[in-house]
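Given below, in the form of structure tokens, are the structures.
Each of the next two complexes has subunit A plus one other chain: subunit B in the first, subunit C in the second.
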Partner chain A sequence: MRAEVISTHRGGVWSWLFQRITAVLLIVCLAIHLIFTHILNIGELDSANVAARLANAGLTAVDIILLAAGIYHALNGLRMVLMDYWFTSRTRALTLTIVLWVVGLAFMGYGTWALWPWIS
Partner chain B sequence: MPDIKFRVKRQDPGDKKNPEAHWEEYIVHYEGDNLTVLEGLFYIQEKYDGGLSFRYCCRASICGSCGMYINGAYRLACQTNVKHLDTDLITVAPMPHLPLVKDLVVDMDEFFAKYEYIMPWLIRHSSDPEKELIQSPKERKKIDMPVDCILCGCCYSSCPSAWGEDNYLGPAALLKAHRFEVDSRDEGGKERIARWNNERGVYRCHTIMNCVEACPKELNPTEGIQWLKRAAVRRKLLGKAK
Partner chain C sequence: MSAKPRETANVGAGLWKATGMWAWLLFRISGLILVLYLGAHIIVTSMGQFDKFDGLMEFFDKPVMVLLDLALVVAVLYHALNGVRIILMDFGVGIQRHKVVFWSAMAVVVICFAIFAWVAFTYIITGEGVTS
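And then the complex of A and B:
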């Protein structure tokens, strides 16, 4: 039996819980984002129009939450799929988690940097 | 006296001359309308080939020995009446995705090792009462579903997560963890939680629900596993599971 193997794979509860929390955030934030971008604010997709929308601090906050929740939900889902296949040992799973965190934080940094002119 | 054709998957990996899997057909005669698949297999064993191997024991669908893949579905051979299959051809194969021993007999060692790993017994820390451990009907009702598991292995054989991952505990073991986790008399939650609350435990379940479809006792292991996931969160955030 692989009791030792199983007992070294601790954790999982937080990634499971946050997958659900980010799912709810995605539904709410995506709805707000789409409504304000494509229904209430129909106009040219140019810099001035986007700047006018993002001048609203609430909408910028929604966009940042959407960005964070989207990245977490997507990469955590990818991690779940990959861990079914090759990333089965503890070392491989840990490496995968670290790589995905680095990729996720890089995306988050880039997205926040793109929104920064309107935040500041 | 009606006849019915049985197509049985035969394989003897130990037979050097013919180790490959192959199908063999047998005509089974029976009287009345109460032939079960298991009785059909007895007939084949008596009349055609005494070497046909299969597991059975209670013949009343409570021991879980005769789980097989019959006419494209997981069934217990003893509780499957051929009349209810509504066909003239009965195909019988061993439970797939498990190591084969011979013919319809599969190796259940790994299955039972995982079952044992989950500590499937009542764990008590406080001193026992003099007479008995009282359990209210409401508390008993919580274990109604999981307590009916007969460990036939159908859910484990049907689970895609278990096919791809040898270390995944599987639906049966996790349903048993759920059974003790919801039991008001059990106090072993802390010992048990590390064994199921991990990436090779409950979090490898992706709610595919093959186990629910496969279970001959019509249980719902997926529900039990989801309950455990919520219990893990409750333990982490509130410090209690029940």
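And then the complex of A and C:
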């Protein structure tokens, strides 16, 4: 039972690996995101301020990486939690995985569209 | 000298007395909070497509909201640093001294939190950023 609780690769080896790769990406990019948004470049809290920041292609790239890595890491983490409670069987877990991929891809598309007024 | 059974934090009864279990529970709770925040953040950002972004930002520009941001920073920092600890454990780094690793990670949380608290309270009190 204990092994069940602490094992971090039950969701599969690839999801274990990608969870760690996205974790590292998130730490680096989130640090950049937070420092540039809240420490270095604080101005009026409005869309013009966001536009000024996203005029920098590097910061836009950071935001897109955050979007993709964040969605993967969040939904895979949610999947790991849910697989502890109700999605315990193979079939349920597979259904969950498929549903979360659909949700994740939808959010990826929606999030990119959301950034569009600033990056276009 | 008689061999004393080595005490380990991970095995046996008293699971909830072990630091690791609280670390695990808080990791889960902070993770779930961050999933919800990410969804909300994407939806709020998308309001730029409907010309509702600036109105929303006025709503968020209040001391109580800045304090909520600071609470979010706690969730982010705890999740990030405990995550670093988990990656180190996965690779067997510091596994003999896992409590030292955990509390070192928590020290980094406190230091980073202090920086963000300084930013947040400067903004609440003066309405200015720390570098402006």
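The rule we apply is simple: the second predicted complex is superposed on the first by the 108 of 120 C-alpha atoms of A that agree within 3 Å, B and C clash if a C-alpha of one lies under 4 Å from a C-alpha of the other, contacts with A are read in each partner's own complex, and residues count from 1 in each chain.
Here, a residue touches a chain if its C-beta (ideal position, glycine included) is under 8 Å from a C-beta of that chain, and two chains touch if they have at least 3 such contacts.
In this text, all values refer to a predicted model and were calculated from it rather than measured experimentally.
A.B. asks: Which of the two partners, first being subunit B and second being subunit C, lies in contact with A:Trp113: first, second, both, or neither?
C.D. replies: Touch partner of A:Trp113: subunit C, not subunit B.
A.B. asks: Does subunit B (first) or subunit C (second) touch A:Ala74, or do both, or does neither?
C.D. replies: second
A.B. asks: Check whether A:Leu17 is in contact with subunit B, with subunit C, with both or with neither, and answer first, second, both or neither.
C.D. replies: A:Leu17 sits against subunit B, while subunit C stays out of touch.
A.B. asks: Between subunit B (first) and subunit C (second), which, if any, makes contact with A:Asp46: first, second, both or neither?
C.D. replies: The answer is second: A:Asp46 touches subunit C but not subunit B.
A.B. asks: Which chain, subunit B or subunit C, is in touch with more residues of subunit A?
C.D. replies: Between subunit B and subunit C, C touches the greater number of residues in subunit A.
A.B. asks: Thinking of the overlay built on chain A, is A:Tyr85 touched by subunit B (first), by subunit C (second), by both, or by neither?
C.D. replies: Only subunit B is touched by A:Tyr85; subunit C is not.
A.B. asks: Mind sorting out which residues of subunit A both subunit B and subunit C touch, each in its own complex?
C.D. replies: Residues 2, 5-6, which sit in both footprints.
A.B. asks: Please name which positions on subunit A make contact with subunit C in the complex.
C.D. replies: So the residues of subunit A in touch with subunit C come to 2, 5-6, 8, 20, 23-24, 26-27, 30, 34, 38-43, 45-47, 50, 67, 70-71, 74-75, 77-78, 81, 107, 110-111, 113-118.
A.B. asks: For subunit B, which residues count as touching subunit A in their complex?
C.D. replies: 110, 113-114, 116-117, 161, 164-167, 169, 194-195, 197-204, 206, 229, 232-233, 236
A.B. asks: Which residues, counting only subunit A, touch subunit B once they are in their complex?
C.D. replies: 1-3, 5-7, 9-17, 80, 83-85, 88, 93
A.B. asks: Along subunit C, where are the residues that touch subunit A in the complex?
C.D. replies: Contact set of subunit C toward subunit A: 10-11, 15, 20, 24, 28, 31-32, 34-35, 38-39, 42-43, 45-46, 48-49, 53-54, 57-58, 60-61, 76, 80, 83-84, 86-87, 90, 115-116, 119, 123, 128-132.
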